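Paired with chain B in one complex and with chain C in the other, chain A is shared by the two complexes that follow.
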Partner chain A sequence: MLKIKQTEMPQLLNAWAQKSRVFVPQDRGGVSAFLPWDGKGTLTLGKGNTLEPPKDIFFPRTETMYRYQVAEAATTLETMPPQKEQHVLVGIRSCDARSLEIMDDVFLTKGYEDEFYRQKRENTVVIALACNEALPTCFCTAFEIDPGRAEGVDVQMWMTSDSYLVEAITDKGEELLKQTSELLTPVENETLPDAAKPTLKVDVEGITEKLQQMFEHLYWAEVSRKCLGCGACTYLCPTCHCFDIQSENRGSSGFKFRCWDSCMFSEYTRMAGGHNPRPSKKERMRNRFLHKLQYIPERYGKYGCVGCGRCLDRCPVNVDITRVIREIKEVTL
Partner chain B sequence: MVDAVSSNPLVPELGKIIKIIQETPDVKTFHITTDKGKPFTPMPGQLAMLSLLDVGEAMFSITSQGPEYLEIAIKKVGTLTEALHEAEEGQTVGIRGPYGNGFPLDMMKGKNLLFIAGGIGLAPVRSLINYCAEHREDYGNMWIIYGSRSPADLCFKEDLTYNWFKVENCRVNVTVDRGDENWNGHEGFVPAYLEELKPSPENCVAVTCGPPIMIKFVLQSLEKLGFKDDQIVTTLEMRMKCGVGKCGRCNIGSHYVCLDGPVFTLEQLKKMPNEY
Partner chain C sequence: MSSIQEQMRIRARELLTSGQVQMVIGWEKGSFWYLSPPVFITDPAEVDRLIWDEFCTHNLAKYLLDYKLSEDKIALFVKGCDTRGINRLLQDNQIQRDKVYLIGIKCSGIKDGRQAQVLGEERKGEVPLAYKCSYCTSPAPLVYDELIEGTDDSKVKSENFKGTGRYELVEKIEAMTPDERYAFWTGHYDRCLRCYACRNICPACNCRECIFDRSQSGWCGKQMNRSENLYFAITRAMHVAGRCIECGECERACPVGIPIMALNQKIIKEINDLFGEYEAGVDLEMKPPMVQYNSDDPDEFE
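And now, the complex of A and B:
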């Protein structure tokens, strides 16, 4: 195990930033987000989870897929150069670490690998930070996530009163820490701080099986009544991965890009002939909850919610997935 | 380190339209090839993502293929399809695929095959009919029942009136909702015609594609004739963007139509949420 004083963290980040692009929670106008470290920002590393999830580091809000030039003589298509830049993602919490596993299932399995995602995923060293304190909206433990130790990350960190304890988990993590060994002091027999204990308790046992029988239930009309269809819940959700593909033309040339989309928008499923299989917010909200709690579990064998609490924290009309789970367990079929 | 480019399923290859056939007033068939020849070799019922680079991209069923090209039949319904209808031979297109599961050829082996299609719904079924005609010894009797609104709306007329008659043990019945002065064939809707013709469900698989309303009544007629849910095969349409099960929008329950479909048996469909 290694150790570094909290006050020296900026130096460590600076050292990593010489070879890689370092993303670390920083303050941006009162909001905490994973932003590129330039040595000047205000770190919010130990202050609860970020409002924005880390997904855009692997799956940017908008991403150019290829460029083209349309011409009478010869139309050409130019692919994007492979992404070689190395990334270090510092300070993701256990819930968001689980979300990366779900994103991996979506983007890297079932017959096709999404190259845009894979390149960034492979070129990123992921460093987790254990939670000492839970926010009132945190319920990761409902999904058997340990706030004190993340799954599938390269390095795990813990915060003590004045330091960070740092442990390499993978070779990739080991490699990164070796590069900056002069800033990290080896220590032995350190006691790890107690992990956070989320107070928001939700029992998800049997929820998938219950939902499998609830597709036609009146509950969906009721729970979706207030929804504004703003999509904030899906934009902030670390596991929402839906995207649209669009092109931008400038005269005869242009580029094709993908951008985040949301199943909460009515256009999302509307077909060229006008038919829309999810015409109202009832169907759309049902899809969102079923996707998290039934469809992803059926398809990938794990829940699609990681209990980060972002959606319930920010929904303008207080749609709360923890309440929805409780209500679903109680409704009569 | 991955070298993105060619292995990237979201980036199309450039191809060309080498032939355009006007099937009906609003359906054209496009033959598409690339510098390397046929873009890929699909199985019957699979899909292709076709694009005009500066207009848009959409998923279409591949209706047939030659040694050097794919055939895609397209009905005018929106911006992209309108632009495609205005295109001329030589037009550059983007193409990627093949996508989807295709028809369950193994399950159909040795069976009598009943093909029931309406309008442009014959396009996906045609890929299967042509495949079975080429592998004639693997399948039992073939029977094609096809209908459209009017005689002018019949797609693939050459197949209906000539090519498929030459296939051994293949029967073709055509109907139109409403004939014109030159029409001396059958008049009436496909489901009613199907009930009149009374094909036997014995050792048979029925494949049906067409407008949703037709499918709905064809399924009822098939049930009346004694077909079981696992003897009925159909295709679904959903809005698609990625085609590879990533972008999320074509889901019906936990199935992605672009990946796990578009072909489903009625038995499978009945287990899925009714949201398509």
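And now, the complex of A and C:
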């Protein structure tokens, strides 16, 4: 295990930033997000969780897929150059680490590998930071996530009163730490700080099975009444991964891009002829909860929610997924 | 005199039981002490969910659009600012007055839930008023079918309401150089997620179909970048020009804290300077300045 003083963290980030693009929680207009480190930003590392999840580092809000040019009868396509840039993602919490595993399932398994995602994922060293303190909106333990140690990351860090303890988990992580060994002091027999204990509890046992019988249940009309149909929950969710593909034309040339989309929007399911199989917020909200708690578990064997609490924190009308889970478990079929 | 909350419950029960209304929309206690989200009650047995506290900030008027085509009559609890939302919808021919039963509550100001969250429950007493309440001009409901008594009138118009500060941020931004101003707005709108919470909560945003729900129209694009985000911001601000009732719900709903009201209030300030003082949603008979023409309107291109 290695150790570095909290005050020396900027130096470590600077050192990594020599070779890679380093994403670390920083303040942007009062909002904490994983932003590229340029040595000048205000670090929010270790202060709660970021408001914006780390997903856009692997799955950007908007991403060009290819460019095209039409000249008379000939069309030329220009594919995007492979991403060579190395990334270091510093300070993700255990909940967000789980979210990357879910994103991996979606983008890399079941017979299709999303090239855009894969490149960024492979070129990124992921460093987790254990949680010492839970926010009132945190409920990761409901999904058997350990706030004190993340899954599937390259390096794990813990915050003590004045330092960070750092442990390489994978070869990729080992490699990164070796590059900056002069800044990291080897230590032995360090006691790890106690992991956070989320106070928000919810029992998800049996929720998928219950939902399988609830597609037509009246509950959805009730629970969706206050929903505004905005996309705040889906855009702040670390596992929501829907996108739309559109093109931007300028005369005879243009480009195709994909950008985040949200199942909470009417346009999301509107078909070419105008028909919309999810005509109201009832169907849209139902889809969101079924996706998180039924469809993803059925397809990938894990829940699509990681208990980060972002949707619960920012929903303008307090649609609370923990309350929804509790209510679903109580309704009569 | 029973408390406002008790009266709310009594009246809701009576209205539902007698069949005068089929639904009551009010507020209930949410997941945390600083949240009092909307609640929809159709069963008289559930009226005890209704609450009244300093976090009943939601303007419930917009929900009436969800029941526009319903035959039901709906009772709605309204604060002063909420009634301006009602007038907005009435003026825009979005709702029928006789299908809504309005129960007014004189408001002594709502607390800022986001700051409450930061301060924590131990420091509950220090939670400030929501910024919008500091310059509120209509704490008492402007339109209602009945008024619930019990609000401490001394608080309804007191030092709580400074009556100033409405253009505080607007004036700060006006004093900036164009470059500073550009940096200010791009800094904020680079964060915009295009979740449309601001639009969806806004009583003035009542188009049957929003331009931003037609991303292939050619007018606007779906890319989340600076250009499209600013286009969204400006378009929405212009579409609510002269119609924004200053309930501040857009800014409260914004998950990434964009000071949207500064944009709206800049436009309000300009309209007032050009066409005379106008408070949207206050007088049902007075036409919004952007939908009428007077031959003596200023014309800078003359």
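Going forward, the second predicted complex is superposed on the first by the 332 of 333 C-alpha atoms of A that agree within 3 Å, B and C clash if a C-alpha of one lies under 4 Å from a C-alpha of the other, contacts with A are read in each partner's own complex, and residues count from 1 in each chain.
Heads up, the rule we're going with is that a contact is a pair of C-beta atoms (placed from the backbone, for glycine too) under 8 Å apart; a residue touches a chain by one contact, two chains touch by 3 or more.
These figures come from a predicted structure and were not determined experimentally.
> Putting chain B and chain C onto chain A via the overlay, clash or fit?
They fit side by side.
> I'd like to know which partner A:192 touches here: chain B for first, chain C for second, both or neither.
neither
> For A:236, select first, second, both or neither according to whether it touches chain B, chain C, the two together, or no partner.
In the superposed model, A:236 contacts chain C only, not chain B.
> State whether A:221 touches chain B only (first), chain C only (second), both chains, or neither.
After superposition on chain A, A:221 lies in contact with neither partner.
> For the overlaid complexes, name the partner, chain B or chain C, with more touching residues on chain A.
B
> Looking at A:119 after the superposition, I want to know if it touches chain B, chain C, both of them or none. Which is it: first, second, both, neither?
Once the two structures are laid over each other on A, A:119 reaches chain B alone.
> For A:244, is the partner it touches chain B (first), chain C (second), both, or none of the two (neither)?
Once the two structures are laid over each other on A, A:244 reaches both partners.
> Put chain A at the vertex: what angle do the Cα centres of chain B and chain C make there, to the nearest 10 degrees?
90
> A:15 contacts which: chain B (first), chain C (second), both, neither?
So A:15 meets neither chain B nor chain C here.
> By the touch definition at the top of the document, which applies to A:62: first (chain B), second (chain C), both, or neither?
Touch partner of A:62: chain C, not chain B.
> Once the two complexes are aligned on their shared chain, state how close chain B comes to chain C by Cα atoms, in whole Å.
Nearest C-alpha atoms of the two chains are 10 Å apart.
> Could you tell me which stretches of chain A are touched by chain B in one complex and by chain C in the other?
244, 261
> Under the touch definition given earlier, write down the residues of chain A that touch chain B in their complex.
Against chain B, chain A makes touches at 65-66, 68, 70, 74-77, 79-84, 106-107, 110-116, 118-119, 122, 215-216, 241-245, 247, 249, 252, 254, 256, 258, 261, 263, 268-273, 275, 277-278, 283, 287, 290-291, 294-296, 298-299.
> Using the touch rule from the top, collect the residues of chain C that touch chain A in their complex.
30-32, 35, 37-40, 58, 63, 66, 187-188, 190-191, 193-197, 199-201, 213-216, 221-225, 249, 252-253, 255-257
> Using the touch rule from the top, collect the residues of chain B that touch chain A in their complex.
Interface residues on chain B, with respect to chain A: 1-5, 7-12, 14, 53-54, 56-58, 77-78, 80-81, 92, 94, 212, 237-239, 241-242, 244-249, 251-254, 259, 273-276.
> Can you list the chain A residues touching chain C in their complex?
Per the touch definition, chain A meets chain C at residues 28-31, 33, 51-52, 61-62, 136, 222, 225-226, 228-232, 234-236, 244, 246, 248, 257, 259-262, 265-267, 312, 314, 316-318, 320, 322-323.
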